[in-house]
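What follows is a set of structures to go through.
Below are two complexes that have chain A in common, paired first with chain B and then with chain C.
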Partner chain A sequence: MPPSYEPIPVHELLSESETAKVAKKFGISLDKFPKINEGDPQAKKIGAKAGQLVAIHREDPTGKYTYYRYVVR
Partner chain B sequence: MPTKNDRGEKLNVSPGEAVGVVAAQSIGEPGTQMILRSFHAAGISSIITTKGLPRIIEIVDARKKPKFPMMRITLEKGYAKDYEKVRKVWRKLEEVTVSKLIKERGGFSEDLGARIMVLNLDKERLHTYEITPSQVASRLKKVSGIEIGMDGMEIRIKVNGTKDMKLTRQTFVQIRKAVVSGVPNIEKALVQEGQGGEFYITTAGSNMAAVMDIEGVDKWHIYSNDIFEVARVYGVEAARNLIAHELFETMSEEGFTVSFRHPALVADAMTHTGQIRSIGRHGVAGEKESVFARAAYEETVKHFTNAGVFGEVDRLNGVAENILIGKQISVGTGMVRLAVRKDELKKIKAEE
Partner chain C sequence: MQAESIDTIKFTIVSPELVKKMSVTKLMVPDTYNEDGYPIDGGLVDQRLGVIDPGLKCKTCGGRAKTCPGHFGHIEFVRPVIHPEFAKTVYLLLQSTCNQCGRILLSEEQIGELRPAIKTYVSAEEEEDAARSTELALQGLSDAAKELLLKRLKATKECPHCGTPHPKIKLERPTYFYAGENLRIKPDEIRDWLSKISGSDLTLLGLDAALRPEWLILTALLVPPVNVRPSITLESGERSEDDLTHKLVDIMRINQRLEQDIDAGAPQIIIDDLWELLQYQVTTYFNNETPGVPVARHRSTRPLKTLAQRLKGKEGRLRYNLSGKRVNFSARTVISSDASLTINEVGIPRRIAENLTVPFYVTLWNIEAAKALLLKAEYPMVINAITKEGLRKRVAEANRQELLAAIQPGWVLERQLVDGDIVLFNRQPTLHRLSMMAHTVKVLPGKTMRLHVSVAFPYNADFDGDEMNLHVPQSIEAQAESRYLMQPKDLVLSARDGRAVMFTEEDEIAGAYFLTKDDATFSKEEACTMLAGIGVYDLPRAVKGGVFSGKSIFSMILPDDLDYEEDSKGNKVVIKGGELKEGYIDAKLIGIGGTLIQRMFSSYGSDVTMRFLLNAAKLSLRALLMQGVTISIKDYYNSDFVNGEKLRIVSEVSARASELYSKYKKAELEALPGYSRKETLEMETLATLDEARALASKTLEKVLDRTNIAYLMVLVRARGSVLNLVQTSMLLGQQAVRGKRLSRGYSGRVLPYFRKGDKAPNAKGFIASSFFEGLTPIEFYMHAMGARDSGMTKSLVTAVSGYLQRRLINALQDLYVDRDLSVKDASGALIETLYGGDGIDPMMEQVVRSGA
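Now for the complex of A and B:
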């Protein structure tokens, strides 16, 4: 049977102002977010550089939500 | 497909809820009921994969290679329903070595003294893989130090490069193992039909990067059970999806219903650093912030001596270290702190 789920969720690079907004919403500094490597295939695809924040639009059996990952080298 | 739990969807987790403990128990308890010896349940496909508890352990321990790697390749729209086109893709997949093309009996004979090897190609086998004898010969030309003579279905090989018997023997083995066509690491490929009449290919062995280059393959929907390969080719997010769904599905297959959020939490913890870490001594548990928490788990002496040598500080924020020193743990109601303004307190007293 073919896969029952989308293997790769949509990755979106956040602008500086959006990043600040998200950090404020969670009340933590950026380095406390889950990480993604700069060399990660998906990070490369959207051209994310270390220090930026990536929004990941997930969709799984618990529902639709956005996850964030901080780009590190 | 899991059904959506409406009640669960409405509920957010209340602050201070020990989600990790709940997730651990939700996976651990069914784990105790699972059959330990369901090592490799073979399906109809005859492609073996690890199932049940051993598979869960494999995922959680983040093994570099699964014991039985496999892939499920879906094809692009124009290909998926056309059997002939699917067959074409399939032919490019399976790793075909010379030994798979020679006759089952008397397929080859070798004379180490005279340094001559004779290969007897099998007509039917050549036909299934659509390979001509000359293709085999041209592949063998890449092997250094040999002379090739062809006679219909027979290929005569003479080793000229060396007179050493051991080296000759090695060359013979090398010839039989030479890959004529297909993708490296894919031992077996099978065409299967889905419910909607579309075909897909299941393989034993995994090599996503090479398969992606084949025409007709739906590049971004290859399923592989090799977590590290998925992380390398698709990225961490795909790996976390794989971990979560694989845990969930393995448990469902054994007949246990778990809420998806529990395996999802495990997957998030494992991919938190952007790399895949195992749960346990060498991964998540071994990289905890607190010295006490690590020492309470495994390798107590190692953690204490290291902490002493390097002057580590324990901020006592976690659960384990607070239990250890007999303080209230910061979970649930224990997480709430009270702050009192002393001057305001005086006012109240004065009013009384």
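Now for the complex of A and C:
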């Protein structure tokens, strides 16, 4: 079987105001979000720094949805 | 649940001073009771240690047996002994410090080198906050730092501070220390040594500077209160002491003898022997399973259960008493089936109902009912009355009137279990939430708890001796919660995929077929019997000749406005306006994952669905009862055509297998990626021979029809599979072990019947006989090999996957779906932004998708 490759879902760095909006939406503080390491290739690519929030636009059999990760060191 | 978060737990060691402070008395006499059976003062059951005999008063707190919590005493050792559980720590300290000056065996430069590794300690020192500093120091050395340290120490032959040569220290388990090869270091010497070590050196070793290492050598032993080691009085009036008391007596006895011998100036050898004996007694007192130490035994040769044994293992304090608690208001007995119950009910034996109670909360508004209840002197009566003060009084003839006069709002009456009460019913292993559901009580004669067969599936129960547990929710909240969340009728659909987990099976499916097949007609009498059996006192419209079609009878239990269509191979079912127009009812509709059940649940809700399920089952059984089904040997007897086909199939696959082999021999067979040619041959041969069964089932399916009852049962999915039919009447097919054809046994062959290297399919587990024909001994043996392998694999897989499942559940147990449909855990941390990625509950999926 030929190998099939799937690109990593798009990571997007959120602005401060967007971050606040997302945190408010879920009613939790930023440290309660799932984490992503600053050194993660995707985090590096978009230049995410610790303390920021990253939106991940995923698509899987259940449909399109957005996941969030809090950047940590 | 996370109410309060614990920041730190600190375990420390106890100093001799603290022991004496905690102790209410020093114990002197190594005995328990005197001749009169009275506790000896200064003995191990000294009344200052607390009392357990009713009637006696504690000499420390003045409390009685029930109120006195017990008090610690202590024993003072004439000669110190090493705490056996800390021998390792002592060993580390002796290895790494100087006997003379007590300094760590590292030069100041070396300590400086180590600094980066023990940064925690340094930063803690800089911190002014004292509490914080000890906390950090307690984190101790990193493993890497410790390793480095030990390496340094090994190389050190003399103390870098005072130049004293440092001998190699040897630890002989459990508690003997030697300097060099033979010179024994006695506990008192060790104690002196350890007391020389400075606090700052201790922190370098990863120890708490506030705790003195010499405390690891015991000079005083804390004696637990008698409440911890109660003695029991046998029927003969003889007292039997607890194992701990026995052990403590031993310790004190040796301690006393040691003292006497020292005072009498006995030779050193005798004193040393006794000292060692004391060490042994103390070692076994802490842990009677210390490696390298003979087990201390009771007079009856039973090993003593000492401190460690009380806590350890499955029967220990932690796993048995703390993790596993016993519960009240519960019952357990054998289960059996009862078709008259609903899936929501559970039949409770009268004996159990009489013993279990439900609280009746007396209020201003129900006090008259409460009084009436209290007056009753037989079955549904009050067992206990709990007053406003929380005093529980047993209701008896003698005090009934008295209680009746005293009763007032705020009281609680514990009345016996009656029909309609809600109870939790559970079967272990409790693997999913359907293993524990809330049923309504139905009190029945007999000794078993009864449930409807349709609800046996989610419990994974059968009635071959299974037992189940019952719990009675006591608070109103618990009862309400059970009613709203846990009733079987509301859980008909699986939370995993929304398919029915409560359904009809086997006979019921067969019956449904006979009831609803196209040519099924019933006389008026038959129709009446069937319908009256489910409480329908109405008849459908008769067809010509005064008979009733089965379809119209079945339609009586369908909602009037139900429109439904289902097309599965060869059976198109059409229901229009609550009337079964076309097709027959089979397992696809009302069996496991039944689509009709699913549809009923989403369109009409739990009560209608439950009623339908029960009615369908009962109606079908009635129909089956009138029809009767017999499977005979005839169903498995093959025509000449089938037998011919079978021979053809066997020779065909054999030919293909040998063709594969010759291709292999000629090196024409190409290896599959990642496999050798030999493996490829084996795999392809197996696939080829395995095909025999598939070919045989094709033949059978072509030949058989609905006149063959065994095949009919397969077709309507009542019972059995085509594979079963193939194996009974055509051939068993290829047997496999570990997913390969049989290969092991004798060298080069499975059984000595065959020649070595025999290439024939039957030499490697291909069985051309059927169960009908019977197996040859060789075939029988091979079949048994395959059967044993699959049996072993199955039991192994269930054990492994069960444990994995359990760990997964434990890891995920406090996740919940929040109001915004995001998944969070108990600490509020976000796990998933939208439940399942789409926010849909599979149980309600139908509802959501269809917009109903």
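Criterion: the second predicted complex is superposed on the first by the 67 of 73 C-alpha atoms of A that agree within 3 Å, B and C clash if a C-alpha of one lies under 4 Å from a C-alpha of the other, contacts with A are read in each partner's own complex, and residues count from 1 in each chain.
In this text, a residue touches a chain if its C-beta (ideal position, glycine included) is under 8 Å from a C-beta of that chain, and two chains touch if they have at least 3 such contacts.
The structure presented is a predicted model; accordingly, all values stated were derived computationally and were not measured.
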Item checked: Which superposed partner A:40 touches (first chain B, second chain C, both, neither) -> first
Next item on the list: Kindly classify A:26 by the partners it touches after superposition: chain B alone (first), chain C alone (second), both, or neither?
Entry: second
Item checked: Touching partner for A:66 - first (chain B), second (chain C), both, neither -> second
Next item on the list: Going by the touch definition up top, name the partner, chain B or chain C, that contacts more of chain A.
Entry: B
Margin query: So chain A touches chain B in one structure and chain C in the other; where do those two contact lists coincide?
Written below: 34, 58, 60-63, 67
Margin query: Under the stated contact criterion, what part of chain A meets chain B in this complex?
Written below: 1-9, 11, 34-37, 40-43, 56, 58, 60-63, 67, 69, 72
Next item on the list: State the interface residues of chain A toward chain C in the complex, per the touch definition above.
Entry: 25-28, 32-34, 58, 60-63, 65-68
Checklist line | Contact footprint of chain A on chain B as seen in their complex | finding: 1-2, 4, 8-9, 72, 74, 194-195, 198, 200, 220-223, 230, 232-238, 241-242, 244-245, 248, 259-261, 264, 268, 271-275
Next item on the list: Mind listing the chain C positions that touch chain A in their complex?
Entry: 820, 822, 824, 827-834, 836-838
